[in-house]
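Here chain A shows up in two complexes: once beside chain B, once beside chain C.
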Partner chain A sequence: MDWDRRAFVKFAVGGVTGLHLSPLVWKLMDDVSIWTQNWSWVPNPADGALAKANSFNPATGTAVKVRLINSRIIPKDAYNPDGKAPRTRAIRVEGNPEYPLGLGIGGVVPQDASALQNAYLGDVRVKAPMVLDKTTGVYKEISWGAAIDMVAGKLAQLKKADQAQRVVAFGDNPDNTTGQILKAFMAAYGSPNLAFAPRAEDTLALAAGLMLSQPEIGFDLLGAKYILSLGTPLLEGFGAPVAVRAAFTKWRQGGAKLVQVEDRASVTASQAAKWVACAPGSQGVLALAMCQVLLAKGLAAEGSLNGLDDFKALVDSKFTPKAAAHATGLKPVAIEALAVEFGQAKQAVAVCGPGPGNEPGRLGDFMAVLALNALKGNLGKPGGVVVRGALPLKPLAAPAGASAAGLKGAARYAGHSNPLTMAAAALAGDPYKPKMAIIAGANPAYRGPQAGTFAKMLRQVPFVVAISSYLDESATLADLLLPAGTFLESWGDAVTPYGQAQASYGLHKPLLKIQPKSKAVGDALLMLAAKLGGEVAAALPYKSMAEALKARLGDGFKKVAEKGWWVQEKVSYGFNGSVDLQAATIAKSLGHQAASHGHSLTLAAVPSLRTCNNSEPITPHMIKILTDDTLRFKDQTVVEINPETAKHLHLHDGDLVTVDSTEGGFQARVKFFAGARPGMLYMPVGLGHTAFGFYRRGRGGNYNAVAKAEADAVTGLPVWGLTPVHVRKV
Partner chain B sequence: MTEQGHEHKRRSPADWWLFVVGLVLFSAIGWVVTPAIIYAEKPQPLNFNHKLHGPDGDAGKSCEDCHSFRDDGSFAGIPRVESCLECHEEVMGETPDEKKLVEVYIKGKKPIPWRVYAKQPPCVYFSHAAHVKNAGMECTECHGDHGTTEKLRPYQENRLTGYSRDIWGWAIHGWADPPERMKMDDCADCHRENGVREACFVCHK
Partner chain C sequence: MPVATGEHLYGMVIDVDKCTGCGACSVACMSENNIGTLPDETDKIRSITWLRVYQIDNGRPYPDTEVAFFPRPCMHCGGSWGGFFQQDADPEGHHTPCVSVCPATATDYDDETGIVSQIPTRCIGCRYCVAACPYHARYFNWYDVPWPGGLEQSLSPYVAPRMRGVVEKCTFCYHRYQQARDKEFAGGEFGEMDYQTACTEACPSGAITFGDLNNPEHQVSKLLRQRHKHAFRLLERLGTNPKVYYMTKREWVRKRADNYLPGEKIHRFAVGS
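What follows is the complex of A and B.
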C-alpha cells in the first residue's frame, strides 16, 4: 500500500463522511442558527422583584394594574444587594379587580393587554422634539427649549399681526384635563378654531340636554332586566368594554333579556336573546314607531311629558308601524310585538349609539330612543336612563377676562362644531387659510372623519406642530414633532365613558420613562403657555400637568392617583326634571337622508375589540390575532356581503375587488356572510394604517378614509356610519 | 510523440480500507469531540442536596415549598436567598457547601448566582402556572428526577449560544424526549398531543 495522493483522497473523503455521520456538523448548524437569532435585539427583561402599580388606560376606560420588575416602587427595605438604582420595566398590563365597575373580574381588552407593545416599539415612537428640514425632508433633533421657543415665536408673531385666528388646533377629547387645557389655551390665545374628535358623547349630551335638561345621562345596564339595544355595539367596544362585559355577565346570570336591533348579525346580535334585523340607520324610525304603539295601546307611562301632543301627532302621522315598515324593513306586526314586549317588560331600557368608531350618530335617532325611554317611564329608575352624579373635579382656573377680547372679531370657520367642515373650510381658505396647526394628542389624518380631507389640509398648512406619542399619520405630516408620553409614562386623566350610569374618573401617572424626553400633551401646552406669557400664561397658571390635575382634584388627588380611579358610589336614581319630547327637532334630524349618488352598495364599518378604533392605534399583537375573516393574506381587508347581493353583482366568495367611494378606495377580498344585510358591504374598522411601521402599515383599508361624512341636520356634527360605494371585481 | 509509458497500477484493497479508517476515525472523533467543543462546563456556586431537603429528607419539604407560585400566580423559579435564611441563619450541618451558603451568601447578603439548567431562551414565554396548575403536569415530566438528587450535576453552557445543555439534551445526537430534552419540538409535540394550540405566538410573544 502506497501513501499517495489517491490514498490520501480516499482517507480524507472517508474522514469527511465520518464527520458527517457524527453530530458535529448538524449540531453546529443548529447552534449557529440559534446564535444568529440573537444578533438582533431580543427583549430580555431581567428577572427581579415584582410590583404592581395602579393605572388607567384612557383609550379603553379600563382600570389596570401594571406589573413592573426591578421596580422603583419596591418597598424600601426590600433585598437590593448591589445597591444600584433599579431599572424599571413594565412586563404586563392586567385588569384591576378592585375597580367596582368591573365587578371584581378585573378584565382587560386586547388593547390593554398589548398596550406595552405600543409603548415599547421604539421605531414608531416620537423620541425627541424634531424639526423638519424642508429642503432635505429629514427631521433634525432639537431640544425642548428650542422647540417651545420656535412654536411660541410663531404664535406671538401671528398674534402680533392680528392673525391669531389663523391658528387651528385639533385635540382628542374635550372633556379630559388635556382637552380643557387646550380649550383654555386657544381661548386665551385668541383663536376660536379648535376642534376635537367628534364623539357620540356629544350627540347624547345634546339630546339629553334638549329633552331632559340634563346632559350627563347614562343607561343603568347593571340594573336592567330587559335591554333593547338599538344598533349599539354593546360587546364590541361600547363605553368602557370591561364594565359592559361585566354587566353582560350579570345579565346572563340573572336572566335578563338582551334584544339587539341591528342590520348585521354582529357579535352582540349573536349573544342576544333576539336579533331584530332592521335596515341600516333606521333605529330611530323603529324607536318612534315603538313609541306610537306604546301610546296607542296605552302602555306609555303616565306622567307629564311636555310636547306630548306634538309628539303624538308626529308619530301618528309619519311613524306608525305600517309607515315605518318600509324604512326599517320590518313587518308592522313585528314592530308592534317588540313595542308591546318592551312596554310590558320590567326594568327595561333602550340603548342608543355610538356607531362604529364612536361615530356621533344622528341627533334624531338618539332623541327617538330617549323618547322611547321616557314613554316607558324608566327615567331615574333602576334599570333605566339615569342622571349621572358630578365628577369630583374643579374646573380649570377660568381664562383671564382679556381672552374674550382676544376672540373679538376672530371669525370662526363655518360649521365649527364639526372638525371636518372646519378642515374643509380651512382647506378652501373660506374665509381665510390657516397659517399654523396644532395637533394635540390626536390623529385626525387617520381617524377622520374623511381622513383624507385632514391629511390634505395639514399638507397645505405652512407650519404644523404635532404633540404625539407615535409617528402616526398626522405626525408624519408635521413640521415640528413634540414627543408625548403614553399613559404609562405621563400624567393624564379620562372622564366617564359613553353611556355609563355611574360617573367615573380615571387617572394615570408616570410609572416609567420609556422615552425619557417625552412629556404629557398637557405639559407641552403648559410650557408653551408659560413661554407665550401674557393672557395665555395667566389663563393657565400651572407649572405642569401634575399640578393642573392636583388643582382640579384638590384633596382627593393623592387617593385617586394611588388607586388610578374614582367611581360614583351608587347609581343616583330619581328623576325630578321635566321631559320635553321636542317632536320638531326629531323630525328635522330624521327627515334628512343621505343621497346614495347612484352607488350600488352601502358600506358600513364593523367595530370590534380586536381591531379597536379609539385614540390609540391597533397593536401588532392585535393584528396577529385577526383571522382570515378579517384580514386575509396579512394585508387584505375582508368585506362581508350577502350571497344574494353578490350573485347580482356576479361576485364569488374570495374574489378580489376594489371598493370606491367619493372619498377614496381600497382593495378587498369578498366574504359571503348570510348575516350581512342585502345591499350592504361591511368592513372592519381600525385597520389600514399608512404609518406605524412594518407591522401595521398597509394592513387592509381604513374605513375612516373611505367614509363619506354628512352633517347632521340639527347639530352639524359629522355622521359617517353609512357610505355609498361602488364595488368592482379586479 | 512518445508514449507516456504509464501502466495503470493495480490498486490494493488497502486503499479502500483507508476510506473506512477515515470514516470510522473521524466519525468517532466527531462523537467524542462535539460535546467538548460546543459545551463549556461551568461550576455551580455550591452544591445543593435536593434529596436532603425533599419530602423524604431531613427538611421534608415539597417542591412547591421552595419553588413556589407568587400570590399573582406567576412562578418564582429558584428560591431567593431569603428562603434559605428561614432555616440556615446559622450553620446547621457539617458540609462545606452549607458553610459557604451561610458565610458568603446569607451573611454577605448576596444572591446565589445559580446556573439554571432549564432556562429557556429569552424569546420563549413559558408559564409554569398554565402547565402545573391548569394542565396538572408534574414537575418531573420536564425536570426529571432533579428534585431527588444528592448532588447538582455539572452545568454545561453552549459556547456559541450561551444556553444550557439541557435544552438540546444530554444525548449529543439530540434524539430524546423530555425530560432528557427541552427543545421547541418537544413543546409543540405535547401541545399537539393534548389538543392545545401550538401557534407561534402561544410561546413567542
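What follows is the complex of A and C.
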C-alpha cells in the first residue's frame, strides 16, 4: 500500500476513533483530574427531622433556641469511621423571640451564635476524667468513680490532719446554683478559702447595701428617657447584652438621649447623642461634681437624705466643678452644663457599671453615681434606679446542725474570698501554703485579676483538680481533670445579669450528648460531697444538679425548664427605704487614686462583644469577625495610641514597641486611632489565650495577664482598669 | 427594560445608627451557611465572611472622633433598574457586575426574587466575579476548610459546605426562601416573617430589616418610604443598583459610603423620590 495522503488521513482518523473507543482517554483524564486536583474531604451534613429546644446561655444571659436535627442517616466518613456519631445534633443556636427582655427581637451576640463551635470542637474539650502521670507528664483516662475516690480521699486526709483550710477553691459565679453548691461544700468541709471571679455585681450590691439598704437594685433602662452612662461599656458587654441592646433600640425609636462619659471613642460613645471625653477613672469625681452643681443650683430633689450635710460639705470642699476640672480633664462649664441638663431631664438615670476590662469597679465611683441618682430623685421611679423583685428560688437546703458545724470550722482559719489576695497569700505562704486547689467551672489562670499570679499559684499547689469543659489555661495546670458539660449538655442556671431592672432567671438543660462522659460542675461537686459523707454530705443532700434545681424552683421547675427562663413580670416601682449618702466612705474610696509612678502612659482595655471577656472563651468564628486592625500583624498584639501621643514618642503607625508594666513586659504593634485619649494605650481584652488549640492559641496578647490589679481602698476588691506602663520602640 | 420583572424583589435595610458592630449578624450567617474557619484567620484577604462588618470613623481628632459600622452582605445588585420607586431603566445600561463576567453561569440574577445566586458546583474558580465585585462581597476558597474534632457535627444540612477552588458569597439565605416556598406549596402561607435572613434574626438591636421591596406592606418598603431622606446605598455612583440600603442621620457616615473628593457634595440618588 502506498503511503499517500488518503492513507495517512485514514490512518489518523482511524487512530483517533479507535483511541476514543478505548477506555484509555477517559481513564487518563480521570487520573489527571484526580491527581492534579486532589480534592480533600468535604463534609456532607446529614439531613433529618428538625426540632427547636429552649435553652439559656449563662455566659451571656441570652435566652436561646437550639435547632436540633435528628439525623436519618449517619454518614460513615473519615471523621466518623465507625458510624457511631450521635443521632441528635445541634446545628444552630438562635435567639428566643419570646424572651420578654429582648423585646421580641430575638437577637443574639456572637458568643451565642457560635456556641456550638465551643461545644463540638472536641480537640479542646475535656472528654473524660483524666489524671496526670507526673513522671511522664501525660494524662491518663480514669473512671468517674476512681476520680471521685481520689479527690475525696485527699480531702478526707487533709481534713483528718486538721488542714482543711489548705484546700482552696475557685468558682465562676457565686449566685447561681453551682456557686451555691460550691459555697455550701467549702463551708461544710471547713475551708474559708473560696473565691469567685470578681464582678461589678459585688460592688453594686455593696454600694446599694450601704446607701439604700437594698443590695438588689437595677437601672430601669427601658423606662429611661435620659441615660447618663458613667464609664460603662453599655453597648460592649454590660449586663445581658441582648437586653441592653433591646433597650437601646427603644431609645432610638422613642427619642431617649444617651450620654456617654468615657475616655475613648468607643462604640457606646459613638452611638451616644453626646460623648463626654473624661479622663479615665474619673467618673466618680465627675458624678460628685455634678452632685455639687445639683445641690448648689437647687436642682436636687426634695426629700430626706441621711448624711446630706456631710455630703454637701464633702462636695463643696473637694468636688466643685472647678476642683474636678483637673481630675476629669473637663472644663468647669462643661461639668455644670451636663449637671444642669441631667438635673432638668425627665426620667433620667445615671448608670455605673463594670470597667472596660470587666473589672468590678471602685466602690466610691458606684456610690457617687448612686448619690447622683438619689439627688435626682429617681429612686423607685420609672426610668430611674429601682429595687429588683426576688427570684422564685428557695435557698439550698442546709441542715442546721451540719452546716453550722462546718462554718464554725471554716471560721477558725484566716481565709480569702478575694482571688487577688488569695493568690498573693498562697504564693507567700502567709500563713500557710495550699495543698489542694479545686477549680470549678472557671478559668482564673486566664481571666483577671492578675491571671499570671493565679497561674503561678496553681503551679505551686501539689494537687489541682479542675472541673472544666475545656482544656483551658487553668485546666492545663491541673493534676486531675473532670469533664464538665457545656450549657447544651448539662443542667445549670443563671441569675439576674448586672444592673437589670427586672429580676430574671435562666435555666439550661441537657439537650445533647456531645461529650458523653461530661457532667455538670454541680453534679461533680455533689458526687464528691456524697463520697466524703459526714457534714459535707449532710449539707448537700441532693443526688444530682437536676434534683438541686428542682428543689430550689419547687413547682415552677417544669415551666422554667420548658421555657428556659423566668422574668419578673413588671419593674417594681416605688422606694420606701431611707437613703444614706455615706460621704466618709465615698471620700475614702475615691481618695486613693492610683499613682502613675512616673510612667509615661496608661494601659486600659477595649471591651468588645467580638472578643468577649466572660466565663466562656472566644470562638473560632469570632476570630473571623475581629476588626481588620485587631490582628493586623498576624498574631501580634495591637495597641491603640493617639497619633499626637505617638508623635511625642517618635512612633509611627505599625511600629513594634515594648510595653513594660510592673507586671512584666510584652511586645506589641502600635495602631493610630484618633479616638484614643492622648497619654493612653488601649488593648483588646479577650484575646491571647495560651490554650484552646490552633484557632485561638497565641492570637494577640492577654490583657488580664499584663494589667496591674489594685485593691479598692474600702472593699479590698481588685480593680485592674488602669495600668501605668512605659513604651519603648524596638 | 427593568430587570426585576418577577413577583418579588428582596432587599435589606440596615440602620447604621442602630448598629453597634457586635458582629452577631456575621457569626449567625457563618453558622447558618456552614462557613468554616481556617487555622489562621488573621489574614483578612483570604478569610471568608459573607457578611463582613466594616468599621469606619469620621477621621476627626480627639475628642470629636466617632466610629460607625457598615455590615456588608452581598448587595444583590440589580443593574439596570433605577432604584426603589424609580422604575425607569438606567440609561447607561449597567448590569450586575459579577453575573455579567461569569463564564460558567455559576452566578445568576434571579428575576423572580431579585437574588444573585451562587452555585459553587458550577464554579470553575476563575475569580472574574471576585475582581468585578466592587463591594468585595465575593470570596474564593483558597484552602480546604478543616472540620477538626467533631466540628462537622454542627453543620446545617440545608447548605452544602463548599470545596476548595470555588467562589462563595451571601445568598440572602436562599435556602430559607425555598423552605418558605415549600411551606406555601404544602398549603401554608408565605408571610413576611416566613422568609428572613439569619443576620436579620440575629441582630440584637433590630438594625437589619429584610423583606420584599415590591410589597408595600413589608417593613423594608415602609422604612424606605418613611425615612427616604436618610437612606443610601454603598458606591451608588457605580450604577450597580444594590438592593441593600443603609440608613443614617449622620452626614459623615453617608459620605463614607462612596468615594468623594474633598469638598465634593454628596450625590443624592433618588431613593423614594
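Convention: the second predicted complex is superposed on the first by the 650 of 730 C-alpha atoms of A that agree within 3 Å, B and C clash if a C-alpha of one lies under 4 Å from a C-alpha of the other, contacts with A are read in each partner's own complex, and residues count from 1 in each chain.
Convention: a contact is a pair of C-beta atoms (placed from the backbone, for glycine too) under 8 Å apart; a residue touches a chain by one contact, two chains touch by 3 or more.
The structure presented is a predicted model; accordingly, all values stated were derived computationally and were not measured.
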item: First (chain B), second (chain C), both or neither touched by A:624; value: both
item: Contacts of A:23 with chain B and chain C, given as first, second, both or neither; value: first
item: Which superposed partner A:634 touches (first chain B, second chain C, both, neither); value: second
item: First, second, both or neither for A:591, with chain B first and chain C second; value: neither
item: Touching partner for A:37 - first (chain B), second (chain C), both, neither; value: both
item: Touching partner for A:69 - first (chain B), second (chain C), both, neither; value: second
item: Partner chain in contact with A:242 - chain B first, chain C second, else both or neither; value: second
item: Touched partner set for A:108, first chain B, second chain C, both or neither; value: second
item: Partner chain(s) touched by A:209 [first = chain B, second = chain C, both, neither]; value: neither
item: Superposed model, chain A: greater residue contact from chain B or chain C; value: C
item: Footprint overlap on chain A, where chain B in one structure and chain C in the other make contact; value: 37, 42-44, 47, 79, 621, 624
item: Contact set on chain C toward chain A in their complex; value: 15, 17-18, 20-24, 26-28, 30-32, 34-35, 37, 39-44, 47-49, 52-53, 55, 57, 59-63, 65-68, 144, 147-157, 160-165, 198, 201-207
item: Contact set on chain A toward chain B in their complex; value: 1, 6-7, 10-19, 21-28, 30-32, 34-35, 37-38, 42-44, 47, 50, 52, 67, 79, 81, 621, 624
item: Residues of chain B touching chain A in the complex; value: 11-12, 14-16, 18-31, 33-34, 37-38, 70, 72, 74, 77, 80-82, 109-111, 121-123, 158, 160-161, 163, 168, 172-174, 201, 205
item: Chain A - residues contacting chain C, complex; value: 37, 39-40, 42-48, 69, 79, 85-86, 89-95, 102, 105-110, 112-114, 116-117, 119-125, 235-236, 241-242, 245-246, 248-249, 252, 265-271, 275, 277, 514, 608-610, 619-625, 627-628, 631-632, 634-635, 642-644, 673-678, 694-695, 699
